[in-house]
Each structure stands twice: as structure tokens, then as C-alpha cells.
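So, here's a batch of structures to check.
Next come two complexes built around chain A: one with chain B, the other with chain C.
Let's turn to the complex of A and B:
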């Protein structure tokens, strides 16, 4: 506990507390608007806080980070448009809750669970940083390929009804993810000679189109009356929180570990946690996909726990755990501080100051998350004639703002129309986003792993069985495949009979 | 009347507020794209767009954002920064090339565009742009994990020659710095490595610390703390002289003097550019602003701390620097066999 005195710095400085509060507040709204990302907000803040001292600058950025990861769930619940990729899974059960008039309850749960998840992430950051970061270092490209294959198995969880339809949209997502410059040789790929496609198709653009615009188009088609929202009781009771605490902790653990891996972030963590909840919760409050609160608890605790996870490699190794910590490191370097082993040795109090900033952010997250829920719930009650145009304009601005490109708006519209047809013919849209997220991970890591095996497939495959982490992931894949088959039940009942 | 009633609804106000905020943040409504016909000497009469061709948090982005507020003080207007990463900087180059050459769109970019033709990428090089200031030059350092059997540069070269194509050397993609370093080692010493592609400095650091790769070349700024902390062993710096922040690490030239010639121009640089055809008055004003930002002691200190060499080149000097760099590196890639077309075809002369 060297340097623990740094922990007290933010608590004793009212100015810093105010900066953190402002950061969390802004973060929630930035996160809630699709297309405005936390990464973008933090990089704008680097210029903005350039002439400030390092501590206030860092305080605002950490506040924005914590608020922003949470904020994405707001729009996911209210409009079925995830504000950020990490909130995709929240929409699965959050939006059905809003359609039942329980948007307030969904937001209350998402706030409480995000706060618990963040806290769990901070706790792991404090207690187990060295262990987690040495684990993160041992995960090789081959293991990322296996993890992504495990991720592909989520397709089943993300869809209701036809598995074939889900696999078709997932495959489309993977193909869309291949467009652009080859990440390794730099050669154009699937761009049909069109230079505008060299940068590839951003998955946030696809997400905004396929969730946001298509939702607006669907509303034009169906004459649904806005649902009156029940906002009498938005704070979830202790019984609900305690009953689901084991699930929250399991999902937070998924969040921390996936967040700490430099190649994966909160988006994948949230989807995996949702999948985990669907498999492990036997009697959800309602069936998953129809407004189960477990379906909100899992992704919300996981994506916020990933924040603490992302800080682990950043503080101990100087390696970013996700896109936001990459920008944060840049921001600290601009101020003359480079996170990593040297900083931990020379200025250990700095680590504790960051922990304290995270903790204070978490307190404000609860305060700001819980206030204004009633007002927000009213958004669901706005008549279609007003809300639909607003959604469309937000989608356009959001897709433009990712890289200030008009081409992205056209892509957003194209995917919006595609999403409309998907929804009309019952093709689930979430697997497409999953495919897009996983596509580059599989692509680069498979080729990396092959290069590490001297481009020898035999060496690549045998390598899988000589490495502990690979073997563990393979076991996970095998078990989750087996548990879907009919033999599984036979084996289980056989075991149960034996021990009776 | 029903409509008016709805408008009074607070949540509609809330959503509209969100809309307006996002419009403001994205900078829609900024009129800089319209053709301007302002009187001479009036530049800048409005805010300027600054496009960073690389992702947030990278070296080019850090340098640009470090200089932007300082340059604003001289210009008296804001520079609105945005990142347009992807396609090795091509997307940003294309975007800026599509704007009016009025001095209201700047591009912050690194050395890569000079190599687009030999790498088989779209032919939009620095020939279409006017350099304002070239800021810094960085060099890389060859590093191995702390438990590596290689104690010095000669050990590495000896092993690579005995086991051609077996030693894993991490690169950040074709044309990136570690790739160029490997090309130089192959060219001068005949050492052949197995190139394993990663995303950039931080993913290479992860791979090296996790013992996935045996050797890589990192930018000095990124590698220093790991060298000083003992997580990595530094074998040699890829520059003609030793680097001031890691003076104990020898230069490759000390092992083999043949490296000297090729290393005078190597390394990576960054700078700010405008499209060709920008009025002379605007270029002059921008030069003044960015040179003053560059000469700021705070920036100089930042560059030194991160192992970068300040360049501060403008005008013809800058163009000459880029030309020389391009000719050496393009021919190097061609001679190692990774580019099938001779650089001569693209009008890149052979270095003398």
C-alpha cells in the first residue's frame, strides 16, 4: 500500500470533486447519444484541458469515462438505439421493459447494477492488478481466435426463432467487417475500386442504422400507441438487488477479465454476460427478450466492470485495455506522465488518486443516474409524429460525427433500410453487430497466430493443446456446445440417478 | 393545438437539447467549407478545421493536440480538431484533398503518404500538399524481452542468419516503422526474420512482454520506461547516433558502420500540411503560428522527454526532407522484394 496517501487527494479537494461530477454528468449524455462516443469526448477533452493541471484534467476524463459507459443504456432502453456498442445487449430486455411501461424500473436497475459493476471493477483493480495483468499478457493471438469463436456461439443467444436467419445476419456482419484495407498488408479488400471504402465500414455506423433508423422506419409501419409509463417506483428494492447479487458478481467478473484483455472491451463483455445470464438463470422474472430484469442486470454490470478492467493493464503495464484508455494514456503523456511500471514505482500515489477518482465518479453515477429518470421515462410517451423525426436526425448526426464523413451517413441509411427488412421478416439484427465486432478480431488474430506458427497449420493446431489458456477456452466451447445437445440431458440425468 | 401542448412537454425539450448539443459538438453549422473570397491579409477570419489522419492517442495525435492550443494563440481563431483515422491516413488525405484550398482545412499526418505508391495504395502523396511545418522526427529501438538469450545486437543478427525466417519479429503492418527496421536489417546484414503483424506500439509491447514475439522495434518514447524498469532489454537504436533519453543503448552503426548511410534519413516524422493551391498569405500566417507553437519551451521539453528529435522544417527545406526520405525508403522496400514495381515508375529517384 505504498502511496496510499494519494487516495485522499481527490476526497480532500472540493474542486476536483466538482470536476468529476461535471465529467460524469456530461458523460451520461454523451454516452446516451448514438454516435457520440466516450473515446471522442475524452480526446476533445485532451485539447480542452491542455493548459490545466494534470489532476483536474484526469478527473474530468475519468468522470466522462464512467458516465459515458453507463449512458449508452439510456437510449437502448428508451428508444431501442444503443448509445454505444457496449449497450447493445441492454436493449434486448431493456426496450421490451419500456414497451410494458416499465422504462423507469429498467433505468433504475441499470443504474444500480452499473454502480455495483463499476465498484467491482475498482475492487479488482486495487486487489488483483498484478495477477490480472500477467494473465492478460499470457493470452496469445491463438487464444483471441478461440475467444472470438466462443463469441460467435452467442449468435444463438441473441436470436429468437430461426437459428438459420440469425446465422445469415451474423455472416453478413462478418463480411461487412472485412471491407476496407487489409489490416496486415494494407491492400484494398472488397472495396470494388471505390476509395471511400478503404477505411472500412464502422460498426457504430451499422449499429446506428440497423437499430436506430430501422426502428424509426418500423414505427412508421406499425401504428403503436405510446405506452403510459409507470414511474412510481424506480429504485429497485434491496430484495431484487440481493437476489440477483450472485448473477451481478459473475457478470462483473466477466466484465473485468474481458475488459482487461487488450484485444477486447466492454461491448464483447456485455454480450457474453447476457449470454451467461440466459444460460445460467433458470427462472427469470420474465422470459429473456420479453423484459427480464436479469437481461438488464447482466450486461449493465459487465460493461461497467470492464472500466476497472481496462485500467489494470494501463496502470501496471502502460498498455491500454480498450479504446478509451488508449486516449487516456495519450492525454497523460501530453501532461508529461506516462502510465506503466515506472510510474507505479516512482509515483505510486498516482495509482491511488486514479482509484479515488473512479470511486467518486461511481458515487456521482448513482446520484445522476437516479435523478431525472421520471423525466426520461416520458420520452417513451412522446407521440410518434415528434419522436420519429428526432430519431432520424439523431441517427444522421451520430453517424456523421464518428469520422466527419458524409459517406458514413449513406451507409447508415443503407443499413437502416436493410434493418427494416430484417425486422419485417424476423431476421434478428443483433447477430449482425456481433459479427461486425468479432470479424476484425478473428481476421487479425488468426493471421497473427498463423505467422507465429511459421504459417504451418499443423503447428497452429497442436499449439492449441499445449497451452493452458487455450485448453481452458476450448473446454468452455465444448461444454457450451454439448449443453445444447440432447445427449447432455441424458448424461446429466444419468449422473443424478447414480448419486440418488 | 395538440402539437403546441406536446412541445411544452419537458421530455421533448430534453431531446431537442440533446439534438442541438450533438449538432454543436460535431461542428455542423461551421461554414468553413464554403468558398471564401476574403481580402488579402485578413486570414484567418473564421475558425479552422484540423484533421488528424491517425487515431486519438497516437504520436501524431498527441503532437497535434499539444501544438494546437499554442498555434491558436497566434492565429486568434480556434482550430477545431477531429480524427479521421483509417486506411493508413489515406481517408484523411482524400478528405482534405476534396476541400477548397483556402487554408481553412489542415491535415496533421505522419510519414506514410510518401510510401503510398510503392505499397500499392492510392496515389495521393505529399506532392499534392504543401508542408507548413514538419514537427518531430522519432527513431525506433530494437528490444527483446528481459529473459531473452540475446545480450546484444550482434547476438541477434548471428542467430537470425543461422535460422533465417524462424525468429518472430513483431511489426505494425507493412510500411510501419518495425517493418522498415526489419527491411534495413535484411538489406545491410542479410538477417531474415519471420514478420508477425500487430496493430502498433502498445500491441507490440503486449506481445513482447507476453513472450509471443522474440524481438521488435518500438518508438523510443514508448519503449523507454520498459527498458529503464528492466521489463525489456534494448539491443540498439535504429539511428545514426545514440538517443539522449537512453544514452546507454548503442546505435546499430556501432556494430556495423554500413548502417550509417541509410539511417541519415530514416525514422518517422510528422507535420501539418495544407492542400496545394492555398493562398500564400494563409500559408505564411500558418507557418508563423505553428513555428511559434513548435518553438514553445513546453513543446520542446515534451519532444525531448519522449525521445523525439525536433525538426522545425518549413517550405522548400521540408519538401526536400520528405523527398529524400521517400527516395531512400521506397528503394529500400523495393530492394527487399516487397514491392514489385520499381519506384522509378512513380518518379521516385534512386538515392545517391
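Let's turn to the complex of A and C:
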């Protein structure tokens, strides 16, 4: 392993360790506040650390990345308002746990699983970078469309009630994501002639409105009282960790693979992992959506494993795995380094230094994550008359901070009211967020795939069956659809009886 | 899907909430407007498979069909819509309307009165509206919250406040 001496550099430098610790601490609290994104924090740090040496600058940014992805789960569990898109799925079972007075254990599990997921991601980064990066390069626009379709199948998993209502909100999410300027032709699309809509509707603003403001309004309507939290036991026992280890590993694998695909990240990984947990766990601790710990384990291990995955194409190919690694590449270029195959060849010790920074960040993630739980759990016990207006102010700051525009605040309020109606009439809101995430992936990749197929539908479809990756994804989609049909149980029990 | 999940889905489908039909009608109108807008782009309606209008037309068209199917489901379940007064009473409690009103006012006044004053006023009046006790206490909490927000966001995180 050439350049492995770079691995020791952060461990032997107390200053670097302190920078990493500071980054993780700040990242957790940035991630916990809806509207303050890790991408934004890392972008600000690039200008902050412009005059620094490369290693301290990288150390802080990596710390913020690792802390921020985890931090989103805090507000997701305590307030049902995901601090980051990657924590959307954590709210499904994390918030019901908080409503039962078990916010402490929910956050303890989320911290532990995030740490395990990050370790898994780092391990894959070290061991399988060349294999995963060559696979990521082979994924074509058509495969992205198929992946997006696979993602849309999650709609069924994310909805407890009417499937039709879930599909309507998912479609609305996709449509909202298409408003603005068409990225391929530069033409206005779905903007009704208003120039103000040319910039599109920010996904974060919609998320804050749909989850933040609408949740505040629903709690007012139902006069929800604060729940006393049990924080005697926050650290999950070894029996819980070991019992759920197979699920953790599978979800971490999902996280790494999805994270390694350029343009996808922890948000999609977490939702897919949650869906996988729902399908594969036969006897969850509670029904999914009512406080199953497996519903926290799956997304939290996946979204943190996606961090390691996102570094794979970044380090080996110079292609960002997600928005944060895109900014990190910019940060490295500013400091005179260009990640990619040449850096891996000429300065391999850099790769190992980044691996070490990720490892140290993970250790601090556990320390800071576990120590703040008891204090954070108290947030849920604050009377609604006090906490609800504060949540609204934070939602407004979060919406404004995206592009320093008051228009985003109005959008947030509009989607908050829409979210209130959705929740009142049992339209699940999670599919809408899924639709927003998948919208650019579906649209851009479909059109690229059609262009590559010379706008010939026959060529587009037959091309799916001549490409190995496409065939594998199609198989997953078919199995996924079959597993929701009444015939699946018959087929499965038939197999089980045959092999008993 | 487990038997319990199926049961929950069926139960959800048979329950209607006051105003649901009106909401469905509003949704249909919104999607119809979007469809009209999407039809201006080159897409399926124009016979183009790779145009910018393909996905919007497909998604919006599918949504309109799904809304019609949902409406037919309501009819099958013999859903009867409530009077508009009952709908408003159910959906909008006094507290909710008051808070929504203050939120909208807050957003409108932010640019003219700036963040510190508007937020302090919003926090104090909202807290007082929701719990008409200990006004002095609530004033202290409002001012302390705004001070903390300015310290953390403006000076530590370097975020531009409204």
C-alpha cells in the first residue's frame, strides 16, 4: 500500500485532531437545524480556510461533513423536522419513538448506527475503491432512469394509507422539481411566465415547509402535549447492536453503493435502506412507522455509509459523489490539489490522510453524539407555546439562508400550508420529498438516454436488455413489484416448504 | 405487504375528512393549470420523445388520472361532503388561524422592520397567543432567543439573516 504513511499524519498531529473535533461538533449542530445544510457549511469553510494549509482546512471540512450528515437525525427524531434531506427517513420511526418518551434511545441508536455506517463506508473506500469507481463509471443515463424508477417504487413503502394519495404527492414533488429553467435547453419551464420562478423552487425550502411549518400547525391543531422523555438509558446494548448487525451491514452496503454514484447521496440511500428494512425485517421491534428501532437503524447506517461511498469517485476519478464532495473538490483545487487518478498516483499519502481524518471524525461523532443526547431530549419537553414559534423562526431563517431571498420564505409558508392539508387528509408527505429528490435525475437522464438512443423508443427499450447493469436494476424492479403482489407470499411459502 | 399493512391501507381508504372533496377539486384545478403550462413545451403531445415537456406532461397527466380515480373511490365509498362552514371550523381552530396570520405578517414585515425587531415581536405575540400567562417570562424568552440566534447564526455560522 503505497503512501500509507499518510495515514499516521492526523493521528500524530494534535492540532489536526482539534480541527477535526471542532468540525464534527459544528457539523452536528449545522445538520440539526433545518435549512442549514452541510453543503452550505463546507462552502463557507472554503472561504474561511482560504489562507490555511491544506491539511487543517480538509480536516475541518471532513469533520463538518461527517457531523452534519448525522446531525440531521436530531431534529428528525425530536421534532419530526429533518435537519437534512438524509434524515427524512429517520423521522418515520424516530419521531414516534420520541412521542413514546424514548427520544434518548432513538438518538443513541442513531448515533451508534451512524458510527458503524461511517466505519463501513471507510472500509469500502479503502478496500474496494478501484472496483466501485470503475462500476460507477459504467452507469449510463438509462441506468439512472431505472434507478429513479426503482426509487419511485419506494412510494408504496413510504405510505401507510392510500397508494393513490402517495403517488399524487410523489408526482407533485417531481413536478415541483421541474419548475424553473430547463437544465438542458435553458428554456423556462412550468414558470407561468413569472421570471421569479426561473430559479426553480428550492428542495430545502419545500422540505422545511412540508416538515417544519406543517408539523408546527398540526401540533397546534391537535393540541399535542409535551412528552416526558426517558433518558436513563441512551446507549443501545450490545445485544441490540449485534441482533441488528446483519441489517446494519446490508443498509450500509446500500449506502456505499448509492453514495458512490455521482449525483446521488445519503438522502436516496437512506430512503432505499428504509424500504429494504421494511421488506426484509420480519419481526420488527414495533410495526414500521410506529417506533421500530429498525426504522432508525436502516437510514442512519445508510446515510453515513454514503459518505465513504461519495469519497470513492471523488478520490479515484475526481468526480464528486454528491454535493458536499463537489464542494470539497473545489476546496482542494483552491489549495492547489486536483483529486483524481493523477493525485492517487503522485501523492497517494493524501488518500490515506483523508481516510485517517474520516476515522478520527467518526470517533468524535460517537463522543459528541452520545454526550449531547440528554440535553437535546429536553427539547421535546418544552411547552408547545414556547417551542412552536421558535421552530417557525428557525424555519424562516433556514429558508432565507438558501439564496438570501424573501421569496423562499413565502414558498416555505405556502408549502407549509399545503403540508398541513396533506397531513389532515392523510396524503403522505414523504413521497413528495422523494419526488423532489428524483425529479432532476429522472428528467435529465431520461432525455440524455433518449438522445443517445437517437430519440428512438425501441432503441431505448432494447438497450436496457443488452447492458448488464440495466438488467440487474430491472430484475430488482421486477422483484420489488412482485413482492408487493398477493402471489409473492404463495411463491415464497412454496419455496420455504420445498426446502424444509 | 403484511396483513396488518393491508388492513391499515383499507381503513385509511374508507375514512374521509371534512373538506376532502373540496381539496381534491383544488388539486385537480392546480394540476390542470400545470398541464396547460406543460403543453407549451415540446413533449409527448407534440410527438417528441426527448423534449423538455415529456416528463412534465407524463407526470401531470398521470396525476390527473389518479385524482379522477381517487374521486371515483370516494363515490364508491358513498362519501358525502360536509358544509363549508363545518369544514372551516374543523380545519382552522382560532389558535391556528392566529398563528398563521402572525407568520404571514412576520414574513411581510421582515424586509422593512428587519430581523431582530420582527422576530422579537413575532416570538412574543405568538407565545402570548398560544398561552395567555406569564407575559413577562415570554418577553424574556423572546429576547433571549433572538439574541442567541443572532450570536450563533450571524457571528459563529456567518449566515446572512433576513
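List of remarks:
The definition used in the following text is that the second predicted complex is superposed on the first by the 492 of 500 C-alpha atoms of A that agree within 3 Å, B and C clash if a C-alpha of one lies under 4 Å from a C-alpha of the other, contacts with A are read in each partner's own complex, and residues count from 1 in each chain.
Just so it is clear, a contact is a pair of C-beta atoms (placed from the backbone, for glycine too) under 8 Å apart; a residue touches a chain by one contact, two chains touch by 3 or more.
Because the structure is predicted, anything quoted here is derived from the model rather than measured.
Look at A:329: by the touch rule set out above, it reaches chain B but stays clear of chain C.
Residue contacts after overlaying the shared chain place A:447 against chain B and chain C alike. After overlaying the two complexes on the shared chain, residue contacts for A:379 are found with chain B alone; chain C is out of touch. Legend: residue contacts after superposition of the two complexes on their common chain; A:413 is shown touching chain C, with no touch to chain B.
In the superposition on chain A, contact of A:51 is made with chain B only, not with chain C.
In the superposed pair of complexes, A:200 makes contact with chain B only, with no contact to chain C. With both structures placed on the common chain, the touch criterion links A:482 to neither chain B nor chain C. In the superposition on chain A, contact is made by A:345 with chain B only, not with chain C. By the touch criterion stated above, A:131 is placed in contact with neither chain B nor chain C. Residues 36, 44, 184-185, 187, 383, 386, 390, 393-394, 397, 400-401, 404, 447, 451 of chain A touch chain B in one complex and chain C in the other. Residues of chain C touching chain A in their complex: 1, 4-5, 8-9, 12-13, 15, 17, 19-20, 23, 27, 33-34, 37-38, 41, 48-56, 59-60, 62-63, 66-67, 69-70, 73, 91, 93, 95-96, 99-100, 103-104, 106-107, 110-111, 119, 122-123, 126-127, 130-131, 138, 141, 145, 149, 153, 157-162. Taken together, the chain A residues at the contact with chain B in this complex read 29, 32-33, 35-36, 39-40, 42-44, 46-47, 50-51, 136-141, 180-181, 183-188, 195-196, 198-200, 262-263, 313, 317-320, 326-331, 333-334, 336, 338, 340-343, 345, 375-376, 378-379, 381-383, 386-387, 390, 393-394, 397-398, 400-401, 403-405, 444, 447-448, 451-452, 454. For chain B in complex with chain A, the residues that touch the partner chain are 6, 9-12, 14-16, 18-19, 21-23, 25-28, 51, 55-58, 61-62, 65-66, 68-69, 81-88, 90-91, 94-95, 119-122, 165-166, 168, 173-175, 194-199, 202-203, 205-206, 209-210, 212-213, 225-226, 228-229, 231, 301-302, 305-306. Note for the complex: chain A touches chain C at residues 26, 30, 36, 41, 44, 48, 156, 160-165, 167-168, 171-172, 174-175, 178, 182, 184-185, 187, 189-192, 213, 216-217, 220-221, 287, 383-386, 388-390, 392-394, 396-397, 400-401, 404, 406, 409-410, 413, 417, 421, 424-426, 442-443, 446-447, 450-451, 455-457, 460, 484.
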